[in-house]
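Given below, in the form of structure tokens, are the structures.
What follows is chain A paired twice: with chain B in the first complex and chain C in the second.
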Partner chain A sequence: MTNTNSKRAAIVDFLSHFWAYIFVAMVIVLFAIFFKLGQQDQASITSLDSNIVDSNLINYLKTPIIVTTGHPKEKISVGEYIVSYYSQDQSTVSSESKTQFQATMRQQTEAILNSRLPNIKWKLFLPSIDSTLPFTLAGESGTGDTSTVGVVKGIGQSCVTLPLQNSDQALVKLVIINDALPASTVLTHIKGTIYKEYSC
Partner chain B sequence: MGKKAEISSELVLAIPRFIFLIIVLFSVVLLIKAFVKEKIEVKELESSIFFQRVLFGKGGIVWYDEASQRMHPGTIDLERFREAGNPQTQTNFLDNIFATYGEGNPILAAHLVLEMEGKPPLEAYYNKQNYFRWEPRTLSTVTGGSASVSSSKHASYVLVKDGDNLIPATLKATILS
Partner chain C sequence: MLRTNKKGGFIFEPIVALGLVVVLVYAFIVVTNKQAMFNERIGEKQLKLIDAYYQGEKHLIYTDYAAKLSAMQALYDLALYGGEIEEKCGNYFGYTLWSDQNKPIGACFPTYKDNFAAMFEEHLNSHFTTHEETSVGYTFDIKNSLDVIGMPDSGIDFKIGNVNIREVAISDFIVAPTLNQQPQDKKPILTPSPQTPLSSSCPLVSAPRPSGVKVDRIVLHHTGDDAASKTCRALQQFGLSVHYIIDRDGTIVYAVDEGKMAFHAKGQNSKSIGIEIVNTGRASMQYTPAQYAAIKQLINDIAKRWPDVKVDNEHVVAHYQVSDIGKWDPSPNFDWAQIGLGSHQTLASLGKKAPTEYGYA
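The block that comes next holds the complex of A and B.
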């Protein structure tokens, strides 16, 4: 009699703790999943990446280009070309000059950044020309050299303020994104403040 | 039924509870172990810092303008690069002056390639002897391979100072550490 009671009591005791066991097991599983997710590498703007993008932007601005608009043809740096254009009173600049500047910048920038920076997407922001929106150029490198990791590991950005002759300033911003980053990560950053806004 | 039998049956019924307790304890230990970092991986960081040192550091391959006594970070002096890439010598100024880690340098080795517009690529080595010694060990098929030597690749847009000209180029580096 005593034995039967004792067995019953033990079974009742086990059943009463059953949900507690399930709860503890679920907590452990949730913790494991949480820690596993937390260990995933996340793309971030690191100071090391920023240094490289700073260097790339400065070199881009120092790159000599031949401007075909003047007579005779001029060999000046990209930075000087930007300064000479934006130093003009924008209300007096003809639409032909605006188109010429945009075409030259697009051609020269793509020639430099598409061929010299492996496995990246890039976006360059310049002050507005026709609208309130910044003049934006974008592209991606087509070297196909998959053995090189890329200029940045994640996403890097850099800004330079060029002093103009009319004592104003022109802000130039370069954003570089590693081509190997998963599309979802890039999208997160594009939706965020980094890629979209013309500010530093 | 004696008292002894009663106790032993209770013990038998408590076995599942003990097993569960053991599982819980093991789980806690495993979770704690997942948090504890037994080894801090700095090889990737070391190689990134070295690459930036090559790009920005004084006394290396970066162009230093004697007239203005100013260094131009990110601009490579072609003469200095050629000097560093001299195939006749086993060591160069990068090993002996720029980033010296003593004889045999067990820290880093690097292969630098300068790709200029319209010119054949130029090569230079840092810690050349160990680079050739370590390079096969980056392969997973080699015994003592990928786990023992890590390889990382870097690239940056640079300008090359060749006389009075600035030539657009790409500096690529394979760094072993």
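The block that comes next holds the complex of A and C.
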């Protein structure tokens, strides 16, 4: 009878604390749910990053620039300038022309993108104009303070394919990097997707 | 405690407790596993729609530039050699004839605009061939000032998510050929450097090969006379051309650079290399062993330089195979087995006949 009574007392004791146990469990589950939703929001922000980069690259290509190499000076879009240059047979382009193209692109690209993306670290790549590298760095963010966290939370990239006169194509790639990311993450990304593959 | 004294109340609470525990365990499993709580994340569909918009913008940029480049190249071609390279009304020393008084109006290209339109479409399609996502087909109109107005035949489909498909219309393009760019003479895919010994030459008309077209075949002809020198003069007189002429003694006469287009087979010129074999075509004239040897050597040599040209029945063809206007060359006496293509389609196997006035039954 004693055993029976102690078992019964234990059950009664458990039941008297039952709602407390339920409350603790519910708190744990709610925390887990909030954590999960937080992760999903982060994923949405990453998608938004890609759209921001797309938008910037498209606007960049449509931006009119004045090219001084022609006679007289002519106003064309950045995209047209790129198509015009890469449509030439690169083996016949003089080193002076290559240098001039690089200088013009760097000046124009940095003027356009730095004004649109202040305080954000970016790099813009074009197909190689010499055979030693798989790509040409057409411009990058200034050396000023790029550590401020901007709208981009991670690493965003966007590519546009442009047609060339000889039915070939040129790939233009814009990469935006949040400087707040660990250096190792950025380095791995850049080495993996740009330096080796140069594709989107 | 009062209820615990009752049998029903004592059973009720453990059941409720057990039920709640089951619910909590299920919720915990759902949350901790990778199983999605909702089909889509918050705002995901909106982001995908925005993404589809940008993809459409990128395709539009490609189409716009491709149209500008095509317009420029078509104008350049028009100025360089009269326009459309696949001569439909013949040519005059390599320059395209737009119309032919002997043919009904509309059979060829009555105006420069028609000619421009044909070339423009060809160049535009070559750009779309290399960028298939944008290849939706365009209907275009050319206004008085050579403005090209294009309308897409359909939209481009973008897959949004795993199951939903949305169509984003690609807007029309209006192109005035104002792109600041020097059109190019089209470059050959390879720099031809014939290894076959060439003993003489016969300069004939040629034109740049159109961009984006691969050379993938050799077309054989017979000349209709008995000496390469006569063939050369005749071709020069009529404004026609081939790349090589094989004389009766096996001499290979060089005429046109392989990287350029010769005018020898309607509809095939841009993608082929033409070889004339000296033979009158009469039933009484056989092809010589020296000619067979020279042809075999030459086509093997060409195949080494042009990766899409193979020495087989599909890539070494007769003019009668690729023409639908009564061509019958090379004549039935040509023995394909002598150049290693014994199972080649003959004139008879295609239901065609050589002319009886040449001595054929």
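Here is the rule we go by: the second predicted complex is superposed on the first by the 118 of 200 C-alpha atoms of A that agree within 3 Å, B and C clash if a C-alpha of one lies under 4 Å from a C-alpha of the other, contacts with A are read in each partner's own complex, and residues count from 1 in each chain.
We take it that a contact is a pair of C-beta atoms (placed from the backbone, for glycine too) under 8 Å apart; a residue touches a chain by one contact, two chains touch by 3 or more.
All values reported here derive from a predicted model rather than from experimental measurement.
Trainee: Quick one: is A:V160 in contact with chain B, with chain C, with both, or with neither? Answer first, second, both or neither.
Mentor: second
Trainee: Would you sort A:I66 into first (chain B), second (chain C), both or neither based on which partner it touches?
Mentor: In the superposition, A:I66 contacts neither chain B nor chain C.
Trainee: Applying the document's definition of touching, compare chain B and chain C: which contacts more of chain A?
Mentor: Touched residues of chain A are more numerous for C.
Trainee: A:A103 in the overlay: touching chain B, chain C, both, or neither? Say first, second, both or neither.
Mentor: After superposing on A, A:A103 lies clear of both chain B and chain C.
Trainee: Would you sort A:D89 into first (chain B), second (chain C), both or neither based on which partner it touches?
Mentor: The answer is second: A:D89 touches chain C but not chain B.
Trainee: Between chain B (first) and chain C (second), which, if any, makes contact with A:V12: first, second, both or neither?
Mentor: Once the two structures are laid over each other on A, A:V12 reaches chain C alone.
Trainee: In the overlay, answer first, second, both or neither for which of chain B and chain C A:S55 touches.
Mentor: A:S55 sits against chain B and chain C alike.
Trainee: Identify the partner contact of A:V24: answer first if only chain B is touched, second if only chain C is, both if each is, neither if none is.
Mentor: Only chain B is touched by A:V24; chain C is not.
Trainee: Going by the contact rule set out at the top, does A:L117 touch chain B (first), chain C (second), both, or neither?
Mentor: A:L117 sits against chain B, while chain C stays out of touch.
Trainee: Touching chain B and also chain C: which chain A residues?
Mentor: Residues common to the chain A contacts of chain C and of chain B are 28, 32, 48, 51, 55, 58, 62, listed in rising order.
Trainee: Quick one: which bits of chain C touch chain A in the complex? Just the residue numbers, please.
Mentor: Spelled out, the residues of chain C in touch with chain A are 1, 4, 13-14, 17, 20-21, 24, 27-28, 31-32, 37, 41-44, 47-48, 50-51, 54, 57-58, 61-62, 65-66, 68-69, 72-73, 126-127, 129-131, 179-181, 183-184, 186-187, 211-212.
Trainee: Chain A touches which residues of chain B in the complex?
Mentor: These residues of chain B touch chain A: 1, 5-6, 9-10, 13-14, 16-17, 20, 24, 27, 31, 34-35, 45, 48-49, 52, 55-56, 73-75, 152-159, 165-166, 168-170, 172.
Trainee: For chain A, which residues are in contact with chain B within the complex?
Mentor: Chain A residues touching chain B: 2-3, 6-7, 10-11, 14, 17, 21, 24, 28, 31-32, 35, 39, 48, 51-52, 55-56, 58-60, 62-64, 112-113, 116-118, 147-151.
Trainee: Report the residues of chain A in contact with chain C in the complex, numbered from low to high.
Mentor: These residues of chain A touch chain C: 12, 15, 18, 22, 25-26, 28-29, 32-33, 36-37, 40-41, 43-44, 47-48, 50-51, 54-55, 58, 61-62, 67, 70, 74, 76, 79-80, 83-84, 87-89, 158, 160-169.
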